[in-house]
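Pasting a structure here, questions to come.
Chain IDs A, B and C follow the sequence of writing; residue 1 opens each chain.
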Amino acid sequence: MSLLEVKDLYSGYGKVEVLFGVSFKIEPGKSLGIVGPNGVGKSTLLKTIVGEISPKSGSISLNGIDVLGKGPEDIVRLGLCLVPEGRQIFGGLSVTENLQLGLTGRKDKSTSKKALDKVKEIFPVLTSHAKHQAGMLSGGQQQQLAIARALIADPKILLLDEPSLGLSPTVIKDVFDQLKSIISNGTSVVIVEQRAHLVTSFADETLIMRNGKIQARITPEDAKDELKLKHAYFGSDN
Amino acid sequence: MEKIKNISGITRFSFIELFGPILIITAASCLIGFSSASLMLTVQFALCYFVMVLALQVFVGNSGVLSFGHGAFAMLGAFVSGLLTAPVRIKNNALSMTDLLQSIADIQVNLYLSLLIAAIVGGVVAGITGVFLMRLNGLAAGIATFALLGVAYNFFFNNTKFGPGSQALPGVPKFQNLFIPLLLALVALVLVYLLNVSSIGRTLRATREDNLAAPALGINIIRVRRIAFAFSGALAGLAGAMYSHVAGTVQVQDYYLGFTFLTLSMLVIGGSGSIWGALVGTLLVISVGQVLLMMEQGKAIFGLSIDLPNGARAIFIAATLVVALLWRSSGVTNGKEFAFPNFKKKSN
Amino acid sequence: MVQAILDAISLGGTYALAALGLGLVFGVMRLVNFAHAELITISAYILVVTNDLPLIVSFIIAAVVTALLAVAMELLIYRRLRGTGPAIMLIASFGLSVLLQRVYELIFGALPKSAAIAPWMSGEVKVAGASVTISSIATVVITVVILLIAGYLIERTSLGLQLRAAAIDFKTARLLGVRSNRLIAAAFAISGVLAAIVGFIVVVENPQVSPMYGVNITILALVGIVIGGISSLRGSALGGFMVGVILSLLNTFLGNARVYAYSWLFLLVLIILLVRPGGIMSKANEMERV
């Protein structure tokens, strides 16, 4: 039984269909990349998985539990957390308050304090800015806060939508290093990126999406073959 | 603009869409109106409400911007037309009007001219306030127009120089027959239809609030909304004036929350996207209200006598509005214009 | 003079509580609940009809019934209208408001119902050499205490944090595990309790309860939240308070023209909406999001 299993997913907005039969699995402690150009349905896929939009057909199961029809607030409690595109931290609230909000989705409230401390250990910068308004943080710090806020719910699997957006290369490297340590702690990570090269060498497996379908699955080994990668990313007609 | 999908309502002039409603209004008014004296009065009131609902349809229905302010224009129209036509003798002697400005007390004009003036005043005031109000959207527009209604009510309720204040203005001449209000309603209907099929109407619907993000409002849209607001303000002024000539009096409370609520309900229940919706909503609310009223009074309807407690009518109308919104927020007609029933299978 | 100041503060406090109730619901679902008026009204009715019971029992019944009615509104009507847009929701709340008024008329009659509630409050005491009514002091004390409790609830508790976050961005709040249905129901329940308290405060001063009893205060509270800033609870409460104080001042200083006080208030609302759609507390045009 896989941690997250998506089977033959068709989804979209109203009458507009975006996904046409997407399937993949991820095991505990593994990482998965999902890449592809703008508009191929990556965000739709994430929104469907977290329950923001309901799919036309297909199935999504988390630890063997069917999560179809459940809202985002219930899915968080089943151990799946999304760090949304553009981070979406609450700029008007303090850093601590943002982290406390992350506790809402936590099942075991008795260890909340411990979880807070642990997250601050991974992201020390958050301790020094605890009382500041989150909107005052730099882009990279905001991204770290967003990840920390999701992590605090103690997810078994963490989804990140475009975590590199708007960050400088050095900050991106820091963020991905932190993700690496999160994975080594046993949390699975799914990273959705437009910039394929960030993920292909990082993730255990990377799915390349085109036109609402999975075009190819590649390993870090394949990623070294740049021509093959380009083919998969842009399509063979390119 | 034309490329935006799901524009509800009409886009092109169609004979059926205009003459279907005209026929129905004329037939219903005559058939029901001439059956009894009390129903004659009901029909005349219904025609006033219909003009008001048309006024709301033109602006609220087409643009999707909510307005509680039309009651203010109707109030204004009623006061203008009522004061202009009430006999000089009454205005100078009535106890409720000892403070009335002498120049207003001494003026008296012809009923038709006063109706026209009421519409113009409604239109001008709506035009001026629209310059400011049309910059607002959604909730802000709703609250701002509500504030407008509040100012108008507070002013007319307390001011005894420009009206009878909280008292009733006596002696307002009544329409002599059914045909005058009927003709006025038909004229309003044709005007609204022509505006709806014009480029102004199409632009309004294409940029309906629910289709468009608020910050994307362009200058052109604001301009078109201002025109529609002024036009619908004129119609509301006319509706208010008509109401005063059916009631034979003007009282400020008649044009406040209850009136606003009733006419907005008619529009929403019928379907705010079309003049057909405006007509269906008015017809439905008025006829159900009339039947319930007769039940409250213990009269037999079609040989059937059901006793209802007083107040059941008002509860029913309010409940109908809420249920209608829950059931289908686009109204009974779903925003479509009049068409002959199509018995053939739908071919989609 | 002391009485005038106390009156201004107590009126301001009352409107602040009403505005806070409206603002809480607005924050979580972008709904201006006109039917808040009928929550205030039902509380006042219950206090009048249960006047034979001890005051505290009578108030608890009023608070529970009012909160239940508020939650029922959400469960039966507003929940089903989520996503239809602010205009439809506004019309629906307007319809619900009128519906409840008519139901009250059927149950309690169109004529005012009255009872002497807490008659000891109409007595007078000496404060700083001037004699003032006990009720005005009591109102000031009650509103200050309730505002402090509400402030604590909103600023210091997990529920309050969730309410604030949801008011800013409900979608992200849900991603973090904020249960939308429960939170909205909780907002309605709190708003109902606040309405019950407002009902108590006003019914002591004016025990003539009729079906439209709460409409006036609700409209003024709405004015308040527009002035203060509709998307912030602090702004809402402050705006409500300002409306009460402004109204008291206008009543004191306008003389015979005091009947036009409402017009001035509404004009103020219009100007603020045009110049600063997000209220005087806002930084940017927050109303745009609405």
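Remarks
By our rule, a contact is a pair of C-beta atoms (placed from the backbone, for glycine too) under 8 Å apart; a residue touches a chain by one contact, two chains touch by 3 or more.
No experiment lies behind these values; they were computed from the predicted model shown.
Put simply, the chain closest to the centre of the protein, by Cα centroids, is C.
Two chains share more touching C-beta pairs than any other pair, namely B-C. Rounded to a whole number, the gap between the C-alpha centres of chain B and chain C is 31 angstrom. Look at where the CA atoms of chain A average out and do the same for chain C: the two points lie 42 Å apart. Taking the mean of the C-alpha atoms as each chain's centre, chain A and chain B sit 53 Å apart. Against chain B, in their complex, chain C makes its touches with residues 30, 32, 77, 80-81, 84-88, 90-92, 94-96, 98-99, 102-103, 105-106, 110, 215, 219, 222-223, 226, 230, 259-260, 262-263, 266-267, 269-270, 273-274, 277, 287-290.
Across the complex, chain C meets chain A through its residues 158, 161-162, 164-165, 168-169, 171-180.
Against chain C, in their complex, chain B makes its touches with residues 64-66, 132, 135-140, 142-144, 146-148, 150-151, 154-155, 158, 209-210, 214-215, 257-258, 261, 264-265, 268, 309, 311-312, 314-315, 318-319, 321-322, 325-326, 329.
Looking at the complex, you find that chain A touches chain C at residues 50, 52, 71-73, 76-77, 81-82, 84, 88, 90, 92-93, 97, 100-106, 149-150, 153.
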